Structure formats: C-alpha cells, structure tokens
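Heads up, the next two complexes both have subunit A, just with different partners, subunit B and then subunit C.
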Partner chain A sequence: MSAALFYLASLIALCGAAGVILAKSAMGSVISLLASFFALAVIYLLAGFQFMAAAQILVYAGAILVLFLFVIMLLNLGALGTKFELSFAPFQSARAKLACAIAVGLGLIGLIAAQRASLPESVAQASAEPIDSVHNLALALFGRYSLPFQAVSVLLLVTMVAVMVLAKRKRVGKGNEQ
Partner chain B sequence: MQDVPELVIWIAKIVLIFGGMIATAAIMSLAERKVSAWMQYRYGPNRVGPFGLLQPLADGVKFIFKEELIPAGANKLLFRLAPALAAMPSMLTIAVIPIGTTAVIGGREIPLGIAQLDIGIMYMLAIGGLGVYGVILGGWASNSKYSMLGGLRAAAQMISYELTLILSILAIVALSGSLDLNEIVASQREIGDWNICTPMGVLAFVLFTIASFAETNRHPFDFAECEPELVGGFHTEYSAMRFALYFIGEYCAMTVMSSLNATLFFGGPSVPFMPDAHWALGVLAFLIKAGFFLFLFIWVRWTLPRLRFDQLMRLGWRVMLPLALFNLLATGAWIAFTGDH
Partner chain C sequence: MSFPPEHLLLLSAALFALGVLGFLIRRNVIVSLMCIELMLNAANLTFLAASRLHSGSETPDLQGPIFTIFVITVAAAEAAVGLALIIALYRLKQSADIDATTEMKG
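And now, the complex of A and B:
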C-alpha cells in the first residue's frame, strides 16, 4: 500500500517537475509545481515526517507559490489560453541541450553515489537521528544544529533587507515616493 | 458496543462531524438573511416552510437546476477546478477539531474528533491556507477584469493576514505547549485555565478573530467580492452549483474558524465551573461557543462598513503583524520567567 503510494507520489512529482519546464504558459508551470509540491509532501508523510509534510504545504504551496501566482497575474505574462499546452521549444537551442546533458550527468553521479552509500560521515550520522516528532525536530534544530539554523536566519534577513533596498531605490528614482 | 469494528466508528464520526458542518453551512446561509433582516427591521425569507426554515433546501434545488455558464476564453480546466479548490480545504480542516473530549458509549472510549494528529494545528494552517488558490485561480481562469482584480485582492489580503493568524496561534501553542488540538483542549480544563484568561491570550484572541475575518473574506474585509466596485469579484463569471460551491466553502471556512476560536481560546468542550462534566455536556458547550462566533461573523457583517483596500493593508502590516510579533515575544518571556505552560 505505502509502496504503491510512494511510486504514485514520485510519478506525480516527476511529471509535475517536467510540467514546470514544458508548460507553455507561466500559469501552467505554477500549477505543475503545485502538484509536484503536494506529491513531495506525500513522500515526506510516507517517511514519517509529519511536520516536514505540513511545513512543505504551508510554506511552499501556501505561501511561496501564491506569491508566484500573484506576480504572474500582475505581470500578465503571455496570453490566457483556454487549455494548457506543452512546448518543447526551449530545448531546441544548443545551449539548452548542453545544460540538459550536464544536469542529467550530475543526476546520474548523484544516483551512483546514493547507490554506493558513499555519503560523508556527518550526513550519514545526521540522518540516523530520529527527527520524526516535533519535539525531536525542535531539539535537533535548536540544540545540535542551532548554529546553522541561526546562520540561515541571518541569510534570510540579509536577503530581505537587500530586496527592500533595491525596491526602495527604484521608487525614489521615479520620484513618486510615498 | 465493544465488538463494533474501529472502521464503523470512524465512518460514523466522519459522517456526523462532516455532515454537521455541511448542515451548519446550509443553516448559516439562512441565518445570514434572517439575522440581517432582524437587524434591519425586515422579515427576511419566510415563504418556504415554517418561518422560511426550508429556504436552504429550495436554494439548493435552484442551484442544481440553473444553467452553468463557462465564459468564452476562460481556461476550462482551472475554471471547473477552482470552486472545488476553494471549498475543499475548509472541509478537510474540520477533521482535526475536537468537538468533545472523550465519549464513553457502552463502555468504549471514543475520542470526539475525526483525526488525532500530533501536528493538528500545523495541518489546519497548511490545508486551510490552500483556500486562497480557489479564489485566485477562479479569478484568473474567468478571463474577466473584475474577476482578476478580485482574485488579486484576495491573494494580497490572504497572504497578509495569514501571517498574523499564524503568529497569534503560535502564542497559544507556546502557552499550551503542544501543536495537538486535543492537548490544547486538555490544558484548558477549568475556566481559569482558558487561554483567554491570560493577558497574551486576550491579545492573541483579538488578533486571531480579526485575521479570521480577513482569511474567510468576510465583512469588513470582503474585498475579493466587493459588489459596488467589482460586480461580484472573483466569482463574477460563476453561476449555478459552482457559484454555490464558493459559498459553501466560505460558510465551511467560517464554521472551522469559529470552532478553532472556541478551541484555542475558550477551552473547546470545557464546561465552565464543571471540569468533570459529562461528555455530552462538553459537546453542547463546544457547539454554543462555536455558534456564538458564527453569529459574530453575521453580526459584524451587518454592523461595520467595509474598509478601503489601503486601510486593510496598513492594518494588516503596520498594526496586526507588529502586535502579533510582540505578543509572541511576550508569551516567550512569560513562559521563561514563570516556567508556566
């Protein structure tokens, strides 16, 4: 049962990922990405990470993708079609083909590495600790990994401030600051 | 009672709780008109059945037999999908709300809630947050300016107020020490333990209630539909049952928000001054509390005027969000200094 669910979810995740690249309209890409995120959440659930699954949906599907939608609607990218269509046009150029080849090659290397389980020692150790419950996750996040956790928060803060500065400068330049 | 299979009990719970919510949505559609009539000194619907009580049934039949229009140039897949996307999340989230403590029927203990999740409130926020898709996609797929503007407004509004909603709930999670709604209820057994009885609880309650009005697109924050400016907003192009689905979704979302309000701040099924009350009394207490907040939704709608959109954004980002952040900080300090969960 869970194996069947896993394969189904993986299939949806992969199809969704392909749809993101192949969809002709930006809206089609967003819908594909949404399907992919949901499938990933199902995989997290199957692995027993309830919190991760909920966070995946809350943050990615519920917030980030909504923002994407918002931007797409504001920019009105492309004409609104009555149906979703796939397009392979972006893969016609030589550069795109090269990029695909590199990506597939890297993916294969990753696959072989995973098969041989030649992961670095620390990564293997980290995955051995159970972080399935919220309590354990909090202990890991605020205990052992508190420094990387803080570093990521600072990185996010820097990004936020940078975006504010960039957006603000443009507005002052136009002379219609509020 | 002991030899009834677990599956039968599950199905019974789902039918009762889910059916109860759908029935509440139907009753709310009548109550909205009845209460508004009462507040404006009118009669309201009173033709179908005694006191107009069968009006929701008549409406349902009418919705089913109306013609469904899909505008030319609309994205057919999304146009059909959007109402379901709007209604589904609020229907799913009722699953984790404990409508009572533990029922004892024929010597068998049955927890009164469809699902007992460790991450109950996370599940609720994650799934509930998806309701915005129905509104945005419906507005976009209609290929109409009014719908599009309604969808855009809904997106901006729901993102803005979801932050406040989550932060105000986080304060309660910190006070109760669990994400599990059953645990949050268990930590408020007596009236003195209710989260509303702490200073942070009061602020969180005010923020949560305001944010829940914005999240369900209700007055005074109903910019997504806003009849005088946008005709009907995101559902301008919708007719018949798809239009009805949007409304069922809205009423279900109101039911869930009211239940959550009762659960988080007023002890859910806890009966005041009777901590050891019978479970049936607890269910009744829960229904009364949730019912009051449902009434509040209607009460506010027919009392307050609609805000302007810039006022809404200013309120959300400059007042509600800082207050919610401050509240979370204060809750943390309270717990750190008193060691009291």
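And now, the complex of A and C:
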C-alpha cells in the first residue's frame, strides 16, 4: 500500500518536473511545479518525515510558488511565454546536446550512488514513526545547530533589505542616478 | 515504510537531472529559476534519504531534516532575490528572455 503510494507520488513528481520544462507558458510551469512539490510532500510523509512534509507544503507551495505567481502576473509573462521557446535556437543543438549529456550523466551518477548505498539490516524495517519529531528537531535546532540557525536569520534579514533595494523603482528627476 | 530507501536517491537523481536539463534549455528566466527550485528540492530529498538510511528505530538521525530546513530557508531567500533581479531586469529590457541580457558576453 505504502509502496504503491510511493511509486505513484514519484511518478507525479517526475511528471511535474517534466511539465516545468515542457509547459508552454510560465503559468503552466508553476502549476506543474506545484504538483511536483505536493508529490514530494507525500513522499516525505511516507519516508517518515512529517514536519518536513508540512514545511514543504507551507514554504514551497505556500510561499515560494505564490511569489513566482505574483511576479508572473506582475510582469504579464503568462502571455509572453506562450510560444514555446527553447534556447537551442541561437546555439543550435550544441548547447542542447551538452544539456542532455549533463542531465543523463547526473542521472547515471545518481543511479550508481543509489546502488552503492549500503543499507544496514536494522534500518530496513525501521518503524513508521517520524524521525523528525518537532521536539527532537527543536532540541537540535536551538542546541547544537543554533549558530547556523542565527546565521540563516541574518541571511533572511539581508535578503529582505536586498530585495527592497533591487526591486525599488528608481525615482525619475530626483537626481540620485548618474 | 515498505519501499527501499535507495529509490528515494533514484528519484532525487532523476529530479535533479530534469532540473539541470530545464535550466539549460529554457530561455525564460522565471522557468530557469523554477528549475533551480527543482534542483534544491532534489537536494532536500537526498538529505532526507540519507537521514532515513542512517537512522535506526531508536536513534533518529536529525542532520538530514536540519539541513533540509536550512536549504528551504536559503531557497526562499534565493527565490526572493532572483525574482527581484528578474523584475529589475524586466524594467531594463522589457523582456524575460535569458538571451536578452548579453552585457556580460557569457
């Protein structure tokens, strides 16, 4: 049952990922990505990561994709992307071949890694209870990993300021541009 | 959990490969950024699969989830900065085409 669900979710995640590449408009890409993220959340749940599944849906599907949607609607790119533009045109297939070669190579590396990954016997029948219980996670995050936690908070602050500076419309006639 | 954890690694490799492929062949900047998100998700899946492989029923391995939290945070920051850059670029060029920006002569 759980295995069937896992393979179904994997299929949806892969189809969503393929849809991101193949969608005709940027809006279609966002919707495909959404399907992919939800399928990944299901996989996290099946693998025993309940908090991660919740975070995946809240942060990725809830925040990041909405940001993408905002920008697409703001710039009216849903219409712009309607013609299917791949970038082989200027590079004529050399770049496309390189891209395919890299992608296939990475896939093969992953395949080998997955086969090499040795599985301790005790883990094979690990219980289905969550690895990332919020209690354990909080103890680790505010204990051993509190320094990276604070660094990431500073990163978020810096990002906030940077985004405001970048996206601010330059005032015309105020004399502070060159 | 009745599926082998190695299959998580396989799925992650496939997702990452699709992300790289999309990043290299699509010209729309926003779609490129989405492919980056896809790659980050594949990385998250790898972290979690590793954590799954290394944690027993008594001793949960928390490094995977912790790093996934950090990756999610950095991905959110990256998406925000990337989209702000796209908005600035669009104001300059009136286009979201990756080939419209050739100042750097990459």
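Keep this in mind: the second predicted complex is superposed on the first by the 135 of 178 C-alpha atoms of A that agree within 3 Å, B and C clash if a C-alpha of one lies under 4 Å from a C-alpha of the other, contacts with A are read in each partner's own complex, and residues count from 1 in each chain.
Convention: a residue touches a chain if its C-beta (ideal position, glycine included) is under 8 Å from a C-beta of that chain, and two chains touch if they have at least 3 such contacts.
Please read all numbers here as calculations on a predicted model, not as lab measurements.
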item: First, second, both or neither for A:A162, with subunit B first and subunit C second; value: second
item: First (subunit B), second (subunit C), both or neither touched by A:V66; value: first
item: Which superposed partner A:V134 touches (first subunit B, second subunit C, both, neither); value: first
item: Touching partner for A:L74 - first (subunit B), second (subunit C), both, neither; value: both
item: Which superposed partner A:I57 touches (first subunit B, second subunit C, both, neither); value: first
item: Which superposed partner A:C15 touches (first subunit B, second subunit C, both, neither); value: neither
item: Touched partner set for A:A35, first subunit B, second subunit C, both or neither; value: neither
item: Superposed model, subunit A: greater residue contact from subunit B or subunit C; value: C
item: Which superposed partner A:L45 touches (first subunit B, second subunit C, both, neither); value: neither
item: A:A99 touches, of subunit B and subunit C: first, second, both or neither?; value: second
item: Residues on subunit A lying within both footprints (that of subunit B and that of subunit C); value: 51, 55, 63, 67, 70, 74, 80-81, 133
item: Residues on subunit C engaged by subunit A in the complex (per definition of touch); value: 1-22, 24-28, 30-31, 33-35, 37-38, 41, 44-45, 48-49, 51-57, 60-62, 64-66, 68-70, 72-77, 79-81, 83-88, 90-91, 95-99
item: Residue ranges of subunit B touching subunit A (in the complex, touch as defined); value: 73-78, 117-119, 122-123, 125-127, 129-130, 132-133, 136-137, 140, 143, 148, 151-152, 155-156, 158-159, 162, 179
item: Subunit B-facing residues of subunit A, complex; value: 27, 31, 34, 50-51, 54-55, 57-58, 61-63, 66-67, 69-70, 73-74, 80-84, 133-134
item: Residues of subunit A that touch subunit C when the two form their complex; value: 1-3, 6-7, 10, 13-14, 17-18, 20-21, 23, 26, 29-30, 33, 36-37, 40, 43-44, 46-49, 51-52, 55-56, 59-60, 63-64, 67-68, 70-72, 74-75, 77, 80-81, 85-88, 90, 95-96, 98-100, 102-104, 106-107, 109-111, 113-115, 117, 119-120, 122-124, 126-128, 131-133, 136-137, 140-141, 145, 148, 152, 155-156, 159-160, 162-163, 166-167, 169
